[in-house]
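Chain nomenclature is as follows: A, B, C and D, assigned in order of appearance, with residue numbering initiated at 1 for each chain independently.
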Amino acid sequence: MNDILKIADKEFHSRLFTGTGKFSSSAVMKQALLASESELITVALKRVDVKDENDDILVHLNHPRINLLPNTSGVRNYKEAIFAAQLSREALETNWIKLEIHPDPKYLLPDPIETLKAAEELVKLGFVVMPYIHADPVLCKRLEEVGAQCVMPLGAPIGSNKGLKTQEFLEIIIDQSTVPVIVDAGIGAPSHAAYAMELGADAVLVNTAIAVSKNPVAMANAFKLAIEAGRMAYNAKLAPIKHHAEASSPLTSFLNA
Amino acid sequence: MNDILKIADKEFHSRLFTGTGKFSSSAVMKQALLASESELITVALKRVDVKDENDDILVHLNHPRINLLPNTSGVRNYKEAIFAAQLSREALETNWIKLEIHPDPKYLLPDPIETLKAAEELVKLGFVVMPYIHADPVLCKRLEEVGAQCVMPLGAPIGSNKGLKTQEFLEIIIDQSTVPVIVDAGIGAPSHAAYAMELGADAVLVNTAIAVSKNPVAMANAFKLAIEAGRMAYNAKLAPIKHHAEASSPLTSFLNA
Amino acid sequence: MNDILKIADKEFHSRLFTGTGKFSSSAVMKQALLASESELITVALKRVDVKDENDDILVHLNHPRINLLPNTSGVRNYKEAIFAAQLSREALETNWIKLEIHPDPKYLLPDPIETLKAAEELVKLGFVVMPYIHADPVLCKRLEEVGAQCVMPLGAPIGSNKGLKTQEFLEIIIDQSTVPVIVDAGIGAPSHAAYAMELGADAVLVNTAIAVSKNPVAMANAFKLAIEAGRMAYNAKLAPIKHHAEASSPLTSFLNA
Amino acid sequence: MNDILKIADKEFHSRLFTGTGKFSSSAVMKQALLASESELITVALKRVDVKDENDDILVHLNHPRINLLPNTSGVRNYKEAIFAAQLSREALETNWIKLEIHPDPKYLLPDPIETLKAAEELVKLGFVVMPYIHADPVLCKRLEEVGAQCVMPLGAPIGSNKGLKTQEFLEIIIDQSTVPVIVDAGIGAPSHAAYAMELGADAVLVNTAIAVSKNPVAMANAFKLAIEAGRMAYNAKLAPIKHHAEASSPLTSFLNA
């Protein structure tokens, strides 16, 4: 099937994006990420030693299929975000940036104002900007207008594993968006990921649910399959929801026939 | 992985059971059923001409991987169900029977009283009884006590595609059951099937959602993958749901570090 | 408003039925029950000393507005239920009986088979039978057919306070029933009770949610108001759910006008 | 009960705010608004003829209990909003303003960027600003920081009647807010309004659900009661949700006692 996702100038065969946080070891991380077949993997800039080419995380992510997506996690406003992105471009030699600005430490929800400002500026500076945001359809349109190459609305608070609590608004975002929609945060189970794809999301980002599973490699594989399943179902069109029952078999009575 | 499902004396590698209703043609049905890799396929006894070994449906289901599961759809009480089961055993040479007794034509919901009576009798007559029932945990225990080899609680009304509307009670049934629990009816999307497996169901039965899709073969494949994903996730254990956010990356501030 | 609920030969102005369990004292119970304005109050037969006319609970329930509804909680099968009902009729001088048969101590879910048998027998013996059951539409029809004067499907497991987890099936029951439908068990908040009434339930039974509140008298009042609100909304017809937004104000632009 | 809601310098006894759109006539509107006992009623500035003291809507809203809350519905950016607010202050002699900036005509969702800018400016200009916004907790904090006297997050798209689709985020907003939280938009049934109050919202705004009911006066009354019920329950504390059943009556078996 020729069902390629394109963001900026890159093509992706996998619609599962992953992250590098919370794994018990770099070795487990690497195995899980390979099992996921993910081609875009986010790494917190603050966690890598950009001056050290033998940095443990970077070494483990060195693989022909993997594209690095540095993220700005930890910054508190647009200025810090821009500074972090520039540092990242220089050190990691990529102009892709996952823009995360969430000042509050309890719920880690993104700041719409700072994110839009930073996105606008970063686009002008030549970045491919992937902004992590609340599932706010108007904000998504504005980000699109300033040149963000995709939008990454959240399903639920990061790490909560609650699934698509924003479903009502994700549907509107998907309906309106002219750039890819990637559901980020909150996806805690393969069924959530499949559901996002069935709704028409272009990709999902999953980190915690894989990293903290008892078996991260198996869980990565499970997400991979679920996302393929959800995408396949989206393309094949789901059956409509009915309010009355409908027999699978014709309703003529059995013994009177 | 050696994750076999056993019902009575049969072992199943696939946890997707399917049906034969509502397909646009027997050829499409066959392709979709093969794509599903299902090993147990239900067919309404009233739809086959049991005296004709060239019956169109039966011919299309003739495949080494496929076990036939005749169902009693159309019967209105336990007597008709027993009669139908006996007829089926003779004609199709299987003692497996999917017991469906749903007198009401609007919602097609199963009758708990007639189903229990029929199950008890059929077990005594040597049948492997797979009863389709409401997601009633007490009824499930009683069916288990009279010897039903599995229970098949519904997720939502047949053909409604609404998903696991009975989730609260499916969880209790799964918690209590000593026989396999197969979620039957209502599953309308691969995400629903994955969710059933994540809850710990042993298998699911899907028919309408595959048959009425615009692309039944792709949809069958999507269900296959989703069920594998859900089962894998169940075995690997899902991450717990959290009420506060949890960063994937450590929470030290970025630029102060 | 002349919106009377009739069960058997009795008329009720209040659609809130209550219970007597779990209150911190009989005095608090009495105050809360009066605040609820409930006219039908269930009491576990096993908790009253039927030989003692000064039994504490009975004394506290002695009020012109209150009708007692003895329940069979604690019985395990239809024979015990019939025996209990007869004992109750003799001692408490009422032929009304709330039929509860739930053998399993963990989830306290009702047994459909024993309940139907007991209901049929009790109706013949002249009882007004109010059966507590799973939200099983077929069972409800069968109870109606044997002469039960109402049906009492559960919203969620007793004492769970989870609300209308069986909503999908309650709607079918309400659609089909020719006897009053009283939602019993699981209602944990006034909003749940209002919702049940909005769906068209004839009454609700609430016990735990009132009894274990920090302020049972205020909570009883809250349920009373919510049920009136829900009933009023049902009669006034709710606005339909829309999939696009609709402005409350006309959509002509403001400053161009 | 001394449970007063204070916004800026005004005290409210009713926690139901209403609107004036979509009623079939001004007479019906007036009756319904009086039945609601609402003390704060929003009116689209674009719908009133501010130069005509005999304007039909304004005449019907002239009542000692009613405070007018002009809204900026129809404006597309912060400049238009400020202009509209100033016009409104002059004509209607109130410095209260409901700030609504929703450029998109299909879903009418509010613009976070323009709303924050307008709120900041309007506060400086001496307005009591009540901003209608997405249920975005970070945006709510920022509005609070610039001096908005309350926040008005949406439950679902305006006029959709879908209820509290943003519940997950409303809970966070309520947890964090130091100004009153008023749930605006999407509330389609009294049970939704009760639920908002049970979660701890300070008030709700309801318009469509009352105006388009078959009986707006009865529906207004139903909302009034439901909101009182929900608030009362919030103050009395709801019983916790349990995962196992809990009998209302002690679990000693009946006949063995």
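Operating definition for what follows: a contact is a pair of C-beta atoms (placed from the backbone, for glycine too) under 8 Å apart; a residue touches a chain by one contact, two chains touch by 3 or more.
Please read all numbers here as calculations on a predicted model, not as lab measurements.
Q: Look at all chain centres (mean of CA atoms) and spot the one farthest from the centre of subunit C.
A: If we average the C-alpha coordinates per chain, A ends up farthest from subunit C.
Q: Centroid from C-alpha atoms only, then distance subunit A to subunit B, rounded to Å. What do you get?
A: Whole-Å distance between the two chain centres: 32.
Q: With centres defined as the mean C-alpha position, give me the subunit A-subunit C separation in Å.
A: Here the centre of subunit C sits 46 Å away from the centre of subunit A.
Q: Could you tell me which residues belong to subunit D and also touch two or more other chains?
A: Within subunit D, residues 107, 109, 157, 162 contact more than one other chain.
Q: Should the pattern of chain-chain touching be classed as line, ring, star, complete or other?
A: Basically the chains close up into a ring.
Q: Mind listing each pair of touching chains for me?
A: A-B, A-D, B-C, C-D
Q: Which bits of subunit C are touching subunit D when the two form their complex?
A: Answer in residue numbers: 19-22, 44-47, 71-76, 80, 83-84, 105-109, 157-162, 188-192, 194-195, 198, 207-209, 211-216, 218-219, 221-226, 228-230, 232-233, 235-255, 257.
Q: Quick check: in the complex, which residue numbers of subunit A touch subunit D?
A: Touch residues, subunit A against subunit D: 102-104, 107, 109-113, 116, 134, 136-139, 141-142, 156-157, 162, 165-169, 172.
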